[in-house]
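Both complexes shown next keep chain A, but they swap its partner, so chain B is in the first and chain C is in the second.
Moving on, here comes the complex of A and B:
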């Protein structure tokens, strides 16, 4: 079994990607700018994968920034109050995000597509409003507040250490998602996605599993959000912005919905494109290019960039049955 | 609360409701025929405001008159968007529409930002300082014209859908797509036409909104569109009377909430309302159980 696994092209790709992730920041091209780009890429890989986990259960969200942001606020407030290291508080912050995710999930599990999209979108706006109005004595309103950095910037090579720590967290998150999907939970989620009525007939409780997917997704998104703000060292309510809700959607669609590799590939390709276009000075054009790309992919490549690899890799036995 | 202020707030709500009604009616018409939801509907509102802005700058005519030049431009835009972006994904899953709309939002906002920059713009109304007083109620003339124009546009739409051959074909497609097809109606043409009309209504909303003294930039479209969609959900998907009643209620509730809770809640209150409704009725107030 393991010998077979290591010979398959998929395993080679995974190993190659892992090796590239370890070696890349050590190369001479990796200056502070490149390192920052890589760190953000890792954070968004975690975030997009969290969003993608939700689509396994046939749900979608246009307001995942709610969980991204809550993870950030909760983690930073805990870190400031208790003086604990951000490496501990991100998990506590994410737990808070997951708790809110559970509550939001309770209202969402009965809703379908458009309603779900609207309600999740709405929750992000409601949470942002609560943070800037009622909670502004704690959160500083629109101005935000400074938060402890992951690794203090006076430590030599702090960005490099930060990169590797986030790299490990990203690997662990992907592994956790992989294990969830391999287990009977993943099967149940797929059954619900394909046909909720039949799944119920087979003895699967859709509400329980959808809630589980929602909570797990919120937890991982919370980790990503907490990592981002502890990386920047500052948090503002902008973190709940519409754009931050849309990014994981764009990344996952580009890469391929409902695959583990999709959000990873999508995040890398789109954010490289994004930063490349930015460097070329195309401030507005890049949004247009991303928008056109998104529509082209939905129409002509509905299973994302990953399906390209599968299409050509089929003869080597790496292909999977199309949905 | 003083009764005079209450009436004033209701009147503002009525005016805001008109904008929402035009948007929601368009969304509902499109949903009725195509069974899709265009989340980028607000971008047509924004584009409508800009097209009118350009026409005003070029001709110097009264913006209310130019409304009827802007709407055809947007109808054509809508038809092109339907043909290029929505027809290929019809029937491929509801999440895809949402994703295509996301792409459209990015494209429209930034094409407009490229052409006209993202500065705040304004269309000066010729009646900016004119108000009509009715007892303690102060009514800006612009608001009255907007309420009147909305009624006129909606009446026109009603006559079109009820009396003309094309309107009847659209309604037939909306009621039963297969049946309409069997009766020799070109349903894909109906898709294009109803999408175009919906877009035109959004352009009307955008123009009226801008002329009533609201400043606009390329990013203003999303929030009104989301609110319009919330109204559509409240009023029931595909029900145009539902959209009209929902839009009026919504405009009034929103203005009341802003007045009592403070401006920060202006956008959020709509979602609170929406979520409360959906908790008790997951398919909307007047939605069908089976949807």
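Moving on, here comes the complex of A and C:
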């Protein structure tokens, strides 16, 4: 079994991607700019994967920035108040994000996909408003505040250490999502997505499992948000912006909805393109280019870039992932 | 095994099931006959908690299950084979079977028994359910509900859309399962075939039970003959 696994093309790809992730920042090309790009890429891989976990259960969100941002605010406030290391507060902040996710979930898990998505969209705006206005004594309103860096910038090679610690957290997040989806929970989520009435008849409680997916997704998105602000060392309410809600959607659709590799591939390809076009001087044109790319992918590759591998490689499609 | 007394069900303001009572003893095959729109599927959905009755009582194995959520019914030993053999088409045969045993924990999952009953499913274990033929899908739907090791199986129109030969195969399977001790509630508009394997039947018209009796009695009944057997 193990021997077969290591010979499969899928395993080679995973091992190759992991090796690239380890070696890349050590190459001579990896200056501070490249390292920053790679770090943000990892953060968005975590974030997009969290969003994608939600779609696996047939739910959708257009306001995931709410959880991304809440993770950031909660983690940084805890870090500042308690003096704990960001490495600890990241997970506490994410727990807060998950708790709010659970509350939103409770009010609207009964809504179908895009109705739920609209509620989450509104919710991200509400949170941003609350942070800016009512909570401004703590949050500094639109100005934001400085937060402790993940690794202080006076430590030698701090960006490199930061990269590797975020790399490990990304791997652990993907592993956690993989284990959830492979377990009986993943089976139930897929069944709910495929046919909710039928899932109920088979004895599955959709509300419970949807809430679980919602909460887990909010937790992981919260981790990503906390990592981002502890990387920048600063937080402002712009973290709740519409763009931040839409990036995980774009990444996941480009890579392939409902697959583990989809958000990873999508994030790498789109964010490289995004930064590459900017570097090439196409700062505004890139919106159009990415938009056209998205349209083409939805039309010609509805299951995303990862379906190319299935089409041309020998990786067999599992039963329950693609949608 | 199952006792239903004075059941009334509404869809919004529409009164669809009127004062329905029926009884099924352990080891029986009982058919509810009725044409399209008689309320057959509504009755089935209400048994499984997918509809809430306005009044009446449903008791299974002596316990009141009226209004309980669906996911608590299956573990009590009553499984549903839904209308149009609704499966999870984009999931594999194996995953569909796993889902059948979902509510009852893994101990009931007896794949050996299922595969000896339905060898074709063993051959197609890794295939997507949506790619099976109609007859195979019906077999999978039945197999899936058996994964919960139920004491009673409710089948909603298992013959729908199947060729006459496959209808025979499906009904033979149901009869074999009954001989192994499974209680069966069959809901059918394929009246003759259903009654031939049943012990008793109820006739459902416009949401009301208008007649009942043993299968032989019903097959000889003038009203049943005229309305359902085309004689």
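As a working rule, the second predicted complex is superposed on the first by the 313 of 323 C-alpha atoms of A that agree within 3 Å, B and C clash if a C-alpha of one lies under 4 Å from a C-alpha of the other, contacts with A are read in each partner's own complex, and residues count from 1 in each chain.
FYI, a residue touches a chain if its C-beta (ideal position, glycine included) is under 8 Å from a C-beta of that chain, and two chains touch if they have at least 3 such contacts.
What you are looking at is a predicted structure, and each value in this text was computed from that prediction instead of being measured.
Placing chain B and chain C on a common chain A by superposition gives a fit, with no clash between them.
Draw one line from the C-alpha centre of chain A to that of chain B and another to that of chain C; the angle between them is 80°, to the nearest 10.
Of the two partner chains placed by superposition, only chain B is touched by A:295; chain C is not. Once chain A of one complex is fitted onto chain A of the other, the partner contacts of A:22 are absent, as it touches neither chain B nor chain C. Looking at the superposed arrangement, the partner reaching more residues of chain A, out of chain B and chain C, is B. Contacts of A:138 after superposition on the shared chain: neither chain B nor chain C is touched. With both structures placed on the common chain, the touch criterion links A:272 to neither chain B nor chain C. In the superposition on chain A, contact is made by A:121 with chain B only, not with chain C.
Once the two complexes are laid over each other on the shared chain, residue contacts for A:246 go to chain B alone; chain C is not touched. In the overlay built on the shared chain, the residue A:12 is in contact with neither chain B nor chain C.
The minimum CA-CA separation between chain B and chain C in the overlaid arrangement is 9 Å, rounded to the whole angstrom.
Annotation: chain A has no residue touching chain B in one complex and chain C in the other. By the touch criterion given at the top, residues 48, 50, 69-71, 73-75, 80, 82, 86-92, 94-95, 98-100, 102-104, 126, 128, 144, 148 of chain C touch chain A in their complex.
Those residues of chain B lying in contact with chain A across their complex are 37, 39, 85, 88-89, 92, 94-96, 98-100, 102-107, 109-111, 113-114, 222, 226, 229-230, 233, 262, 264-265, 267-268, 270-272, 274-275, 278-279, 282-284.
On the chain A side of its complex with chain C, the touching residues are 184, 187-188, 190-191, 194-195, 197-205, 319-320, 322-323.
Taken together, the chain A residues at the contact with chain B in this complex read 55, 60, 62, 107, 110-115, 117-119, 121-123, 125-126, 128-130, 132-133, 242, 246, 249-250, 253, 284-285, 287-288, 290-295, 298-299, 302.
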